[in-house]
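In the two complexes that follow, subunit A is the common piece, with subunit B as its partner first and subunit C second.
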Partner chain A sequence: MTNDLTTWLDNLLAELDGISVRRTSRRRLRVEVASDALPALLELLRGRASFVHLSAISCVDWIDAGQFELVYHCWSYETQSLVSVHTRIPREPGVYISVYDIYTPAAFFERDIHEMFGVWFEGSPDLSKFILTEWDGPPPMRKDFDSEAWVNQHFDWQDYHPDWLKDLEARGGGIAVPPDEQRFSRRTVDET
Partner chain B sequence: MTHIDQVPTPGAPLPVEIGVTPGAKRTNPFAQVFDELVRFAQSRSLFMLHYCTGCGAVELPPAMTARFDMERLGIQPMVSPRQADILLITGYVSVKTLKRVILTYEQMNSPKYVIGICSCTVNGGMYWQSYATAKKLNDYMPVDIYIAGCMPRPEAVIEGLRGLIENIRNGRADAWKDYYRRYDHYLGNQQRLFGADWQTPTDVIAEARHYDLFGPATLGAHTALLEQHQRPLEALAMRIEIPELMRRRSRADQGGTAQ
Partner chain C sequence: MRPENYEAQRQPPSYDYELNIGPNHPGIEGNYAFKLRLNGDRVIAGRADAGYLHRGFEKLMEGRLWIQNLAITPRICVPDPVPMEVSYCLAVEDLCGLVVPERAQWLRVMQLELSRIAAHLFIFGGHAATTGMYTPMFWGIADRDLILDLFEEMTGGRVYHIYNIPGGVRRDLPDGFGERVANTLDYLESRLPDYDNLLFTNQVFVHRAQGCGPISQQQALEWGVTGPNLRATGLKFDVRRDDPYLVYDQLEFEIPTEEPGDAWARALVRRREIKESIRIIRQVVARLPTLAGPIRCPIPNPLAWNVPAGSTYTRVESSKGELAWYVVSDGGERPYRTHVRGPSQMHAVQVLEQLAIGCRIEDVAQIMFSLDACPPEVDR
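Up next is the complex of A and B:
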């Protein structure tokens, strides 16, 4: 029965124009689709093909191509299989349409992606701050965000030979850090 | 010790000597005996609030229970910060967690001791590149003991706790006083992370006066900034909203007016 359904789904998706389908394993299907056709495909998967569970939306920053890749992972309890729908949107301005009207949990994932990548989802119910409530910098999961420079700018490092360590060092304790691995406070990245 | 009623201007020399210098003995021999007794009692009865933020928490159950048995040193877990003596922070402190840690720390009664377990509290550990975790815990609150390691074994935890006990007995574990004496420094680092409008419900400056720990570095540019943004705390209105109770009450009121 399950196998029948998956074959049927393969045949159905092969009929559609403008998408490329690749079966990566018995239970996983990778679908690539243009960004304007994605909501229609999800509508079809959810409404007609029993893929009622959107388990995640993930985002990949392809900075060299100037694109964000969005992956919608849809699970069907009946066929016990996963369809990953891949689409690419331009990195600038990074605006896409929300699928909240098709899958309600999308609001959660879209809010997360908006926070981490700065992608704006039109029609998503709430794109306010989510996990990084104290964050006022650029979206940190973007490839052009330099985490190390940010850290050097905003945090201080422990001294390597503070006074309180001298007792321990006299007793044979302490730490040995190679000079090229030592980090110093408020060091600019350019100096290295 | 003289009580200070007026706020000195920051940087100006203080009119009086503040408190007792750390480690100094009082001249009265009976007072010395009494101080030692008090310190002994303090060091042997410590309630510990463990704020388990990271993986280091895994090492605490063996340290607490039968195998290594913290309780033979007089250390017990405590559920509330107001009754705890030790604040034990096990592992990485994200910026969001740090807010809660500071709130917890400020609620504790003095004398209070902070122990940072794992490399993450010392210098960020394996999260040194992470934009979301604080690196040096002692930038934001005074730390008595660091127990380094990733993660430290329960033996190391016990060793660190014994070190703290030793420091308390010698009168050297007074890092908590530093929070009052140099509040401006700690507040400055907190504001650097949380923004200029950061405020806690605890009035640390008033507490510094209360403990006679008001020093020249208690106030400064950062506390001035705090005073600009500080909203006065108001007590919450006492309200009971239990539908059943409200209905019964209104019924009783109607009955009362009819008679």
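Up next is the complex of A and C:
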């Protein structure tokens, strides 16, 4: 029965335009779709193909292509298969539409992606700060955010030189790695 | 949140008041805040506030080698770290097309199920403590320690093991380990009637837990609830059976379900799952001596390992529900993107906020513990 249903799903998806479907394993289906057709596809998956469980929404920053990739992982309890719907939106201005009216769990993932990547989801119920309450910098999960340079620019390095270390150094010991070869470099944010 | 940034919500004058449970509070699981709006002792609204445990693991992992990330993965969920390791390894294996030797798969199952029992004992005791009964908590933590002893012998670590690597496991079992596992399992099984007597026949617990924080099956499906919380609403779903990984399709086990969907049903499902996990580990212990052979497949030099480009989504059943990694590789030495979907991201935020409405203030902690909310999974 499982195989019949998934074949039926393959046929259903094959009827849609501008969509590429690839079966990666027996229970996994990879679908690529244009961003304007995605809500309709999810509606179809949920309403007609019993994919009632939105497992997650993942966001990938493809900075070289200037795009965000959004991946919607939907699971069907009946056909026992997982469809990953991939879509790409332009990195600027990074605005997309919420699927909260189709899948309630989307609210959490959209809030998270908004906070970490700065993607605005039109119609999402709550995009307020959640994890990074005190954060006022750029969205940190973007590829152009350099954590180390940010730390160097916003925090002071403290010289740690207690007496016991001075004693060691007087006897020729101490920290073996010279400061400029230490793991944490003094990179700073490029101002240009 | 720093005190200077806290501003009470502007509301018209009323007898309502605000109360913060957490981030440091005995009634909350981990560092997590739950901000309540109350009238008398009735909750009018609740709002989850996370971020006290945010360590930026997903960003950190993008800057480290594939093999270095193994040290990060178990730290995402403290009480139940093994499913995190295993699902990350499954993802890397899927991207590289590695075939894990059978013996390693059985060893992983043993470790996963031991971890499930440990996590269930832990939360079981925590749930009892929120109803004022501390003895099950002490017992649960003491019995969990026996499993940690086994972990220490098997992997070298008590809480974080880092036993799995892509391609297999790090080391084989020590001599006579199967016997010691069997002894511990016998002991744990003999303890279960004591837990039943202490908790499930205790009228205090019965009256407090029954009808507390009920979720209907329809609500559970709509809110994306998974794991024991979903099974407590009567839906027989388990990733181990319905989307099998490792060798779970060769094992015999039941999937316990309960109908009411309240705190009582959730505790009962966990109690019955301990029994099923014991059953699974016994099958593994009986099977392992017949499986000779390697415990890992050959992998490239892990310090210069270019994982083929691609993306994968691997799901496992953790003690809290469906756990998944979405891992993207661009063919480099480091992951291009990793995203972890913890089960608590659903039931510790939206579901908890919904369930708290209308309940009494003393039940909030119980609802949170009965859902098995794990804040580190939310914060990552």
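Following the convention adopted for this analysis, the second predicted complex is superposed on the first by the 156 of 192 C-alpha atoms of A that agree within 3 Å, B and C clash if a C-alpha of one lies under 4 Å from a C-alpha of the other, contacts with A are read in each partner's own complex, and residues count from 1 in each chain.
Throughout what follows, contacts are C-beta pairs under 8 Å (C-beta built on N, C-alpha and C of every residue); 3 or more make two chains touch, one makes a residue touch a chain.
Because the structure is predicted, anything quoted here is derived from the model rather than measured.
When the two structures are aligned on the shared chain, A:120 is found in touch with neither subunit B nor subunit C. Contacts of A:104 after superposition on the shared chain: subunit C is touched, whereas subunit B is not. By the document's definition of touching, of the two partners only subunit C reaches A:73; subunit B does not.
In the superposition on chain A, contact of A:132 is made with both subunit B and subunit C. Residue by residue along subunit A, subunit B and subunit C are tallied for touches, and C comes out ahead. After overlaying the two complexes on the shared chain, residue contacts for A:157 are found with subunit B alone; subunit C is out of touch.
Contacts of A:140 after superposition: both subunit B and subunit C are touched. Overlap of the subunit B and subunit C interfaces on subunit A: residues 131-134, 140, 147.
Residue ranges of subunit A in contact with subunit B, taken from their complex: 131-137, 140, 145, 147-148, 150-151, 154-158, 175, 183. Touching subunit A in their complex are the following residues of subunit C: 1-2, 5, 49-51, 54, 56, 58-59, 63, 221-224, 226, 235, 237, 242-243, 311, 313, 315, 322, 324, 326, 328, 336-337, 339, 341, 345-346, 349-350, 378-379.
The residues of subunit B lying in touch with subunit A in their complex are 95-96, 99, 122-124, 128-132, 134-136, 139, 148, 189, 192-195. In the complex of the two chains, the subunit A residues touching subunit C come out as 27-28, 52-56, 58-61, 71, 73, 75, 77, 80, 82, 84, 103-105, 107-109, 112, 116, 130-134, 140-141, 147.
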